[in-house]
Structures are given as structure tokens and as C-alpha cells.
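This is the structure I have questions about; it appears just below.
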Amino acid sequence: MEPQHLVQFAIFGLNIGAIYALIALGFVAVFSITGIINFAQGEFAMLGAMIAAWLVRAEWPLPVAGLVAVLAVAAVGALLELGVIRPAGSASIVTLIIITIGASVLFKGLAVMAWGPDPVRLPPFTAGPPLRVLGARLLPQDLWVLGTTAVVVVGLSLFFRRTLQGKAMRAVAMNRYAARLMGIDARRTSTAAFALAGGLGAIGGIVIAPSASAYWDMGTGLGLKGFVAAILGGMGAGGAVLGGLVLGVVEELCAGLAPSGFGGYKDAVAFVILLGMLFFRPGGFLGRVPGRGGL
Amino acid sequence: MWGSSAALRIIPAVVLLATACQAAPTAAPTTAPAKPTEAPKPAPSPAASPAASPSPSPSPAAKPGAGPAASPAAAAPVGKPSGEPIKIGATLSITGNNAPLGIPERDTLLLLQDQINDRGGVAGRPLQVVILDDESKDDAAVANTKRLIQDERVLGVIGSSGSGPSLAMIPTAEESQTPLISLAAAIAIIDPPKKWVFKTPPTDVLFQQEFFDAWKEQGIKRLGLIHDTGGFGVTGRAVFEKLAKEQGFEVVAVESYEPTATDLKTQLTKIEAARAEAILNWGTGPGPVIFVKNARELDIKVPIFVSGGSVNQAFITNAGKDAEGVIASGGPPVVFDQLPEGHPQKAISAEFNRAYRERFNKDIDQFAAHAHDALLLFTNAIERAGPDKARIRDEIENTRGFVGMDGIFNMSPTDHLGLGKGAVVLLVVKDGAWRLLK
Amino acid sequence: MAAVAVAAPPLLETRGLTRVFGGLVAVSAVDQAVRAGTIHAIIGPNGAGKTTLFNLLSGVLPPTRGEIRFGDARIDGRLPHQICRLGLARTFQNLQIFANMTVLENVIVGRHGRSSAGFLSAMLRLPAARAEAQAACTVALSWLDFVGLAPRADDPAGSLPYGQQRLLELARALAAEPTLLLLDEPAAGLLGREKDNLADLLARIRSSGVTVLLVEHDMGLVMSVADRVTVLNYGKKLFEGSPDEVQADPDVVVAYLGAPEGA
Amino acid sequence: MSKLAHPSSLLPYGSLLLLVLVAPHLPGIRSFRHELVLVGILAIVAIGLGLLMGYAGQVSLGHAAFYGLGAYTSGVVSKAGLHPLVALPIGLLLTGTLAYVVARPIFRLHGHYLAMATLGLGVIVFTLIRQLEPITGGQHSLIDIPRLEVAGFRFDTDLSYYYLVWACTCAVVLTGRNLIDSRSGLALRAIHGSEVAAESLGVDTTGTKVKVFVLSAVLGSLAGSLYAHFSTVLTPHTFGLELSIQLVVMVVLGGSESVFGPVLGAALVTLLTPIMREMSRQITGGSGGQVEIVVFGLILMLMMVFLPRGLVPGLAALFRRRAAAPAPIGTLGPAPVPAGQAVETGALGAVRADPTGREPG
């Protein structure tokens, strides 16, 4: 093992961590506005990747296919909220969570029906040989992943701080009751949160699809890791991004440095970190108060 | 994934037939919904009949009375079977990670069942193959085996597609004294030999030995292995480490991944960092495609190898250009059209492929071959032994010179596979197709 | 040490009791004694630290500094259920009835500290557990009867009107057979007649030998039932005396009675 | 004496018992015997989880871990040559100890943090099962686990095992009902209702939560042991997150406010998929394959929207509305009760029947 391999693992980690971050942001958006842990969040990523791959195969240009996929999954998110979450009304949070589990099952089933069980290919956004960074290889697609995530994070931050809808969402996240008194339609905000979560998930799925592969069950693992990242970040937006990146890098470094035969522990790494943090620093590593969260 | 709690998937043969391009009317099953449906009355199918004309080519090595050519049914192609059906059970991985194996196996059994019935059945009675899906899960395969033996009262069981489920099924077969023919590669299935257990695919030892021979020839010493954590992958790792040690190779890296993994770049980087001179992937499902894709992305220069589990068209379709130059070891049926004239597997494979292509609109692969040979091993034994499980077992063990698609089987009490080294060839992807390497 | 009745040690005593939230001192060095057999009221404007004091006494919050003695025992730092078992029960300002149970079941929970059947004996329906359960039921019914809720024993607790939910909390706390009862604004939200009834109940509780410490905004109620009154302001003890003395004290009048407070 | 002796309350129990007795012989159901055994086994885990969720109000997304621990302990120990009936208590002890050790730190957490911690616990145990190859067989399945043999009788058919498992399930249902009716059951529900009030009334909330957590873990372990000797093969994937979530679905679907809810939920989740798979095959002519999963997802969502408290309370309410008769005989509700919420008053039926002379119902 040489230094450039460590750099290489860090690059892999930042890549997958960026996807965790996008998915974690989706969790945070829905959770801070509705209190629901949306178990279909990973499936948003899957749907985004599958729809984009499907459109590209139908010879749509990639940018159009990607945009349509993101919008379509955002619409799916909004429909999920309007169709079942809202009618469930004041059901307990566990009930609402089970509804999202049902949605996750549904999306996976539909995906297999529509696109079959085999992985589908989405070509890299730009072709080209890997770049060399400190002796490690940086693929063009890696740049797309990191760049897209950065743009999304900056865009989201502007959205929450500059736009009316964004400010309304932040207000609801801080205090739903007070926000309502101020004339903010909290129900519309919930719909918007699900749509936002759908869009974020879809973006994550689409950018990762060329380097991993897109198939019906890809969302399960991504969703769980995104959830862990969100918790690590104390259910706040900034923490979620950091949580995702840290989780990705730590995971890859552990997998990369583990001796042969211990690679199978990789998936447990995230949860060992999680339990350690919950037991010793329950507010997330940014030290937020548990349950407060926010955008 | 969430919804698939039940262990069993029951595939009534009849309904599946509806999807095939066959003209035979398929009545909806009238039995209780859960019950595996009775096999269709072998309706004379104008489309299938000509293709299914019996010609399991008798090989010169076949002893009289042992090969399928000697079966009375084959001699009387138009005889109509009657009486109680002869029931053979099968548990296949039609869904889940091993679905690319299980689906051609299922199709083969359905086609061959019809062909045999068109030819007059088994010992004058209709053949019925009861197929269950085990979702590539070990415990489901065992539950299926129990069901086939207890409820369906089959004379023998075929399956499963994968090594894990097959190994798990062994105790059940032994305990219930039911002959079992596995369609999986792991040598552990038949070594040490178990009284009631047989298999048709070449062992992973045979598959891997071809690689080791090639590496020796090319002077490659440092080996890297990346395997999935399914039964096939894990047993394959053990074989790999054993063969490498015995034959003086240095294993510089062994990495594993979940069958559901979507990215193997970390593992590949580790193997590359260990300066392996050849990298072998041993796994089923989407893993090998990701392996090949990631290896190309990382610009890994050393030759890469995949297991026989990837020798099918789907691998090439999914991996695209990245598949070019990938080397695999597989059975001759995959490249039957490239085999020299007179090769014993050429005729039988071409023959079966015609009917297969006509019905399913795809070519046979080696999984089809495994299933084909397993069912014929059973029916040939039943022709000779009658419907008695113990005698069927004896007759399978007595099989000599049976020319199957996988090779020529010569079973014995110590060899419950009966295939020799010639059952495996090296293949390479060239211009979007698997080709014989030599 | 064995002293005459006048010098009997207080049932409850705090010394330098302090609780800090972040930078805010909610309760500041409070020395307070509560004599057995009395009704002792704590009054003070909103935010004076009354409810925090209750949470400290009942163990819901640990004190930052200071000590609490209850009978012979130091109870600061103990958990609420341990304190309850020593004989201190409480009600809550914002009602904490078990809405998922019936009225009677709510009161039976009050018997929890006075019974002992464990998981295993319950699962196996051992005779001792059953006898204990029957006894608990009988006692609970009698306390429901005491507050006048017996006719509604089988109704879901959530279906009771607000005033009756307060009574239910009272019965539930009484079922724990406390020697000291902490009542956090028992009259809040009650109507005129209900308040009279409450005053009557409080007097009967005192005469049964239970000491009562209550936080209350309703001055009418406090003045009519309390034996002694403590005034808190900004977390500090401002004054202590009889109701008459409190009403006469100019500081208190300025700090509290003069304020537009006092619902 | 006891409520069970009362004829009107015996009826639902009796009819259920009868159903359990004859079910494996009913014509359409015969071929589902294997699944019915699984229903019984999973019902035991689900009842345990239901006690935790419905009565203590704590969600666990890691219960498959306890099930797996029980199963693997039974498998490994009995393969080592000890009698299954010796292996079983070892599993219970091991699982109970683990649950006890992790319970305190876990119960310092609340809400989704707690759920996440249990999920993490499940993933870690799952990973250990897969990785500790020398003990568990790792990725290889643990095969050839001895069948259960008691006093010379071998439970080696689905039918005999069915009766064994369902005897256990019924015992768990009964003891679960007893627990809910008891002081501890009330304490659990009090914790669910208001933790601070329960605590101030003398309920050791943490201690009680720990106890119910250990109890539900032990029930999971018991079910796991039963599964090990039924399946005779253990494979890690059976005990992953998928099962943990299915268990939660069973509890919520059936209704966590009654011990019958999880049983019904276990039956629905276990049987619905194969039944729908069969139906979809009949309807679509076999081309489908994932239709049943889609339908399952839809049913799950719709049930939660329309019957958020689960099927058993939902059905009980429906019955009560239809027949305003005081004794809702024949409902699946836990106990016949005078009025109001069946499930909630039911908890007192036992205590009240005797001293006051008032019979419930």
C-alpha cells in the first residue's frame, strides 16, 4: 500500500459520500418538515437513475434525460405526499414510516416490472481517460459527481435563504405552529419537502449510475447510508452534507486498509460509527440538540 | 425485496408455457392456487414436433443399453404416453441473484419435458417436471426440496442453480433417500461423494484448472482474486487458494464483495496495489459486469478473468465494449457452433438449440446444458430402473458413456459427476461474442 | 434529639437548592421547609421557578447544587420513581393523564409503587400477582370515589372534560399513598364550582394526614386553604409566612399581587 | 375465577384455537403448511416486538438480530452434539444477555434515534453472523441442523412441527395477554402514554423498558430456535434488515395494541406474498413476476392510510359499530369489554372480574 492508494480511496470515498450527502439532504428536508423518516428516499435515487438510463437508451440527449428524470422523481415525491401521506393525516409517526416502507416496496416492484431485474447502463457524462491526482486516478465522472453535489448544495442553500418558498420551509422546520400563524401553508410545504427529497435523490442516483450501476435494488443501501449520514449530521442540512462525505471517506478507507477477508465488515462500519456517536454524542458530531434538526 | 418474505415460489409449468411461441392450448390450472399445477397434457404441437425429433446422437463410447439412444421412447417418437405421470422435481433460482442461471434452466426443463412427452414419455408414462423457485436462497431451496419430496412425491430432484442452495439441499436428499442432481459448480457437492447426490456441471476445480494451466503457460505467478460472498463465490475462493498453493502460485490479494455491490473499485485498487499479474473474478449476478467495467475505468492493464457464470450473452450486452478481451472458462455448449466437426457435444447442442431458439428466441448457454443433462440422466435411469428411487439412484451411478451437452458422463460410486478435463474450454470475448480461445 | 411536637423536623427541607439552565438560574439557593400535616402553597409570577422547583423535588430534574431532604432521606439526585416510592407523589401543570387507558386504569398505575408483581409472575398469572391486582383495583376505585369520578371508571381517560382530568390526576397521585403530595396548579382551568370542590378535597386530604405542597395562581384558593405560603420571584425565595402575612407584605404586593398576573 | 373461564370470553379464544387446530387440514390451505409454520414462528417474534412497540412505545428495527442469534445458537450448539432442548435455553440466555447489555444505552435515546440504534444493532449482528465463518459458517449456510426430537418423537414433518410451533405461539399469546393485563402491562402502557407521569408514579421507566426489551429479544430467540430445527438450514440473508422491517410491518399491519395484531400481521405478510404471486401468475399468465410485490406495497400503504391502528383494532371497531351489542363475541379483539375501546379496557378485565363481582361483558 502506497500513499497514492490512500488518495485513491479518499477519492472513492468522496464520490460515494457525495451521494450519501444528497440522499441525507432528502431525509433532512422531509424529516424537519414532517417528522417522518422517509424509507423510500433511497428509491428516489434508484428511480432517478433508472429513468435517466431508460431515456438515454431511447436516444434522448443526456442533459434532457437527466432533467426529465429529476423532475419526474420530484413529481413522484410530491404525489407520494399528496396521495398517501396527507390522507393518513394525523396517524402516528410509525404508521407514516410504514407508509413510506410500502412506497419503497411499490417503487422497487414497479422498477422491476418496467425495466427488469438486470442492471442498466448509463454512460459516463463525458468520456476520457482518468486524470492523475497525487498518483491516484480521478475519473471524469468523479468530477461530475463532486461538481454536481457542490452545485446542488450551494443552490439549496440559496434556495432556503433567498426564495420565499425556501424561507417558508425553513420557518415550518423551525416551528410549524408559529409558521402557520404567519400564514404559511404547512401542508403545501410538506408536499414541497417530498418533491425536494425526490429531486435530490434522483440527482444522486443519476450522477452515481455511470460509475456504479443502476438497478432496481440499488436504493436500499444508498438509502440506509444516507440515513446514517443524516443522523451523523444531527438531522441538519449542513451536518448531512458533512456526514455524507465523512461517512463515505471513512467507509472507503476502512475497506481499503482492511486486510484481505475483512472487506465484508465494510457495511457495518457505518453502523458502528453511528452507534458510537449515538451513545456518546447523541446530537450529531456538529453537536446539535437531538431532534431539533433543521434546514 | 421487501415483499419477498415467503420462501417459496411455485412455478406451474403450464402457465409459463403460455409465454412460449407454441401453439398448444394451455388450459388454466384448476387445482388449488397454491398447488404446483399438473403438467399439461402433452398436446401434439405442430410447431415443436419437428424440432423435437429425437436424435440424441449416440456416441461411439455409449454402451448398449445405457445411452438415451437405446431408450424405447426414442425409438418410438409418436407413441403417446399414458398412465400416472413420472414426477421429477426441480428447485431453481428463477429470481434473485442467480436468475441468469435459473431462467435458462427452467426453460430447458420445460422444453425437454415436452420433447420427451412428444417422444412417448418415460417408460411409456408422461413426464412431469414440477419446478419451484428458490429465489437464490439456501433455506428456500431446502424448503422446496422438502415440499417436492413430501408433498409432490417426486422420484428425484434437480437443482439448485447455485452452489450455496445445492450444498444446503444435500442433507435433505440424503435423509429422505431421494436422488438429487445439482446444477451447480462447487466440487464440495460431490467431493466427498454422497450416496444420493450427483451433479452435471463441471466442477469449479475443472473450471479454474484451465486458468491455472494458462497462467503457467504465460509465466504469470502473482494472482489476485475478487469473489462475491454468495455460495459460488465463497466455495470458489477455497478452490482457488487450494489450487494456487498446490501448483506454486502466489496469491497476493483476495477481496470479496456483497452480491448486491454496485462498485468494486476499492477492492480492485487493493488488488492492483498488491501488484497482481492476473485478476480473476468469481461470482454470479451483476458482480462480474461491474468488475469488468471498474477494471477498465481504473485502466488496469493486467489480464482479467471471469468465471463460467458469466459465459452468456447477457454479460456481453451489459458490459458492452468493456467485455472485449475478458477470458472465461466454460463448457463447450456455449460455443457449440465453433466446435470442430465431430466433437461429441456439437451435434447434440446444435440439435437442442434449434428447438430452444424456436421456442424462447434465444440461444442455449451452459446452464441450459446442465439442466438438459440432469433431466436426461434421470429419465434414462428411470427407463432402466422404473419408478423406484433407490434403483434410479443406482442406475444414475451406473451411467456410462452418456453423451450430454456438458460432455460425456461416466459415473461411478466415487465420481458422481463423471466428466473429465475436456469438459471445460477457455473462451474470450471478441467482437461482442464468446469465442474459443484457441 | 427526641423533641417536642413544635420542634418536629420538617417533612421536606431544601438547602441552597439551585438549578441552572444554560446561563439562566431558574431556582437560586432556595432554603425551604414544609411541615408535616400542612397545606403549603408556593406562589410567584410566571417564570419565578415554581414548576422547576417541583421538578427538582420530584426528581424529574437533578439539581445543579444544594440538597433536598424528605423525611429521613436525602433525595436529590434520585430518580422520580424512587422518590415516589418514598412517599412523594405529584400532579402536572400541563396534564399528563394516560389518554390510552381508562379512568380506572390511570388510577391503578398510581398503585405501581405500592405493589411488586414482576413480569414473570404476571405472565404466568401466579395467585399472588392476581390477588395484588385485585387489591390495587379496589383501592383505585376507592380513590376514584373520593374525587367523585367512580361513575366514569370505565371511560377512556381522554374522553373526560378538562376539570375531571385534573381530578383524575389527583386521584392517581393519591393512589400512590404519598405522605407528601405535590400539586402543580390544580385549579388551572377549573370553573367556579369545581374550584370549591377542589378546596374541599384539599382540606379532606390534609385531614387524612397527607401533607400538600401546591403551586397555584388562584389567590382565592391559596388564601382559603393554605396554612403557609412561600413567594418565589426570579428563582429566589422572597417571603414566607401565613396567608395573611403574605397579603400584608409590601414586597410581595409589588412583586406579585400588584402585577396584572393572577388568573 | 379467571376471565378465561367466562363463557362469552372463551368463545373468541375457542374459535381461534379451533382454527389453529384444523387449519393445516383445510383443503385449500394444506399445501401452505410450510408457510403456516413460518407464520407461527414469526408471530412469536412479532408478539414480542408488539409488546415493545404497542405497550412500551419503542420501535425496534433490529429484531431480526435476536431471531438470528437464537437460530444460530440453536444451530451451532445442537450441531456440536448437544440436545436441541439444551441449545434453546443457551440461545435464550445469550440473546437475553445481549439485549440487557445494549438496552440501557439504547433507551437513553428517543424516537428515530432509538430506531436507528436498533437498526444499527441489527446490521452489526447480521454482519457478525456473516463474517464469523469458523462459528456460523459465514456465507456458507449452516446446514444439516438436527431436527427436534423429544422423548423419541421426531418433529420431522411440516404437520408435526406445525402443532409444535403453534402450541408455542398460543402459549406466547396467553402469557402475553396475561402480561398486558397485569401491573407491568399497565406500567408499559403508562410509559407509552406519558413517560414523566409514569416515572413520577413509581414506575421505573428505564427498568421496565429494559425488561420488555429483554423479553421481546428472548421471544425472538425462542422463535429463532424453533426456526433452526424446522428449516435445518440457516443462511445469513434470512436475518437481515429486510426481516427486521417485515417484523415491524407485521406489528403495525395487525395492530400493536393487542397480542392478536402481530399474529394476524405475521400471517398476512407471510401468506400474502405467495398467494398474490400465485394469483398474479394466474391473471397475467406468468409474464408478471413482480406484480405481487407491487400489490403488497399498495396494500401496505392503503391499510396504513385507512386503518392506521392496524387490522385488529380496526376490525374490532368495525364490529362494534355494526353490532352495538355489548358483548362483541367473535371479534378478534383481545377481550370482550363493556364499551369504549376494546383494547384499552381489556387490560383490566382480569382484575376487575372478581372483586367487584362485575363480569366484563
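Each chain gets a letter, A, B, C and D, in the order it is written, and its residues are counted from 1.
Criterion: a contact is a pair of C-beta atoms (placed from the backbone, for glycine too) under 8 Å apart; a residue touches a chain by one contact, two chains touch by 3 or more.
Remember, predicted model here, so these are calculated numbers, not experimental data.
S.K.: Work out which chains are contact partners of both chain A and chain C.
M.R.: Of all the chains present, those in contact with both chain A and chain C are D.
S.K.: So which chain ends up in the middle if you average the CA atoms?
M.R.: D
S.K.: Hey, which chain ends up farthest from chain B, C-alpha centres compared?
M.R.: Checked the centroid distances; the maximum from chain B is C.
S.K.: For chain C versus chain D, what separation do you get between their C-alpha means, in angstrom?
M.R.: 40
S.K.: Hey, how far is the Cα centre of chain A from the one of chain D, in Å?
M.R.: Centre separation, chain A to chain D: 33 Å.
S.K.: What whole-number Å value describes the gap between the mean CA coordinates of chain B and chain C?
M.R.: That pair's centroid distance is 77 Å.
S.K.: Touching at least two other chains at once: which residues of chain A meet that condition?
M.R.: 101, 104-105, 108-109, 264, 267
S.K.: Touching two or more other chains, which residues of chain B qualify?
M.R.: Answer for chain B, listing residues that touch two or more other chains: 1-3, 95, 229.
S.K.: Give the residues of chain C that touch two or more other chains, as numbers and ranges in rising order.
M.R.: none
S.K.: Judged by the touch rule stated earlier, which pairs of chains are there in contact?
M.R.: All chain pairs meeting the touch criterion are A-B, A-D, B-D, C-D.
S.K.: Mind pulling up the chain D residues that touch chain C in the complex?
M.R.: Contact set of chain D toward chain C: 2, 175-176, 178-179, 181-187, 189-190, 192-194, 196-205, 211-212, 215, 338-341, 344-345, 347-348, 350-352, 354-356.
S.K.: Show which residues of chain A lie in contact with chain B when the two form their complex.
M.R.: Within the complex, chain A contacts chain B at residues 1-2, 5, 8-9, 12, 16, 101, 104-105, 108-109, 117-119, 121, 129-130, 137, 139, 211-213, 215, 217-218, 220-221, 252, 255-256, 260-261, 263-264, 267.
S.K.: Taking the complex as given, what residues does chain D use to touch chain B?
M.R.: Answer in residue numbers: 27-28, 30-32, 34-35, 38, 130, 138-141, 143-144, 157-158, 231-235, 237-238, 242-243, 245-246, 269-271, 273-275, 277-279, 281-282, 285-287, 289, 292-293, 296-297.
S.K.: Using the touch rule from the top, collect the residues of chain B that touch chain A in their complex.
M.R.: Contacts found on chain B: 1-3, 95, 99-100, 229, 253-258, 260, 262-263, 265-267, 269-270, 273, 286, 289-290, 293, 297-299, 314, 318, 320.
S.K.: Any idea which chain D residues touch chain A in the complex?
M.R.: Residues 53, 59, 105, 108-113, 115-117, 119-121, 123-124, 127-128, 130-131, 241, 245, 248-249, 252-253, 288-302, 304-305, 308-309.
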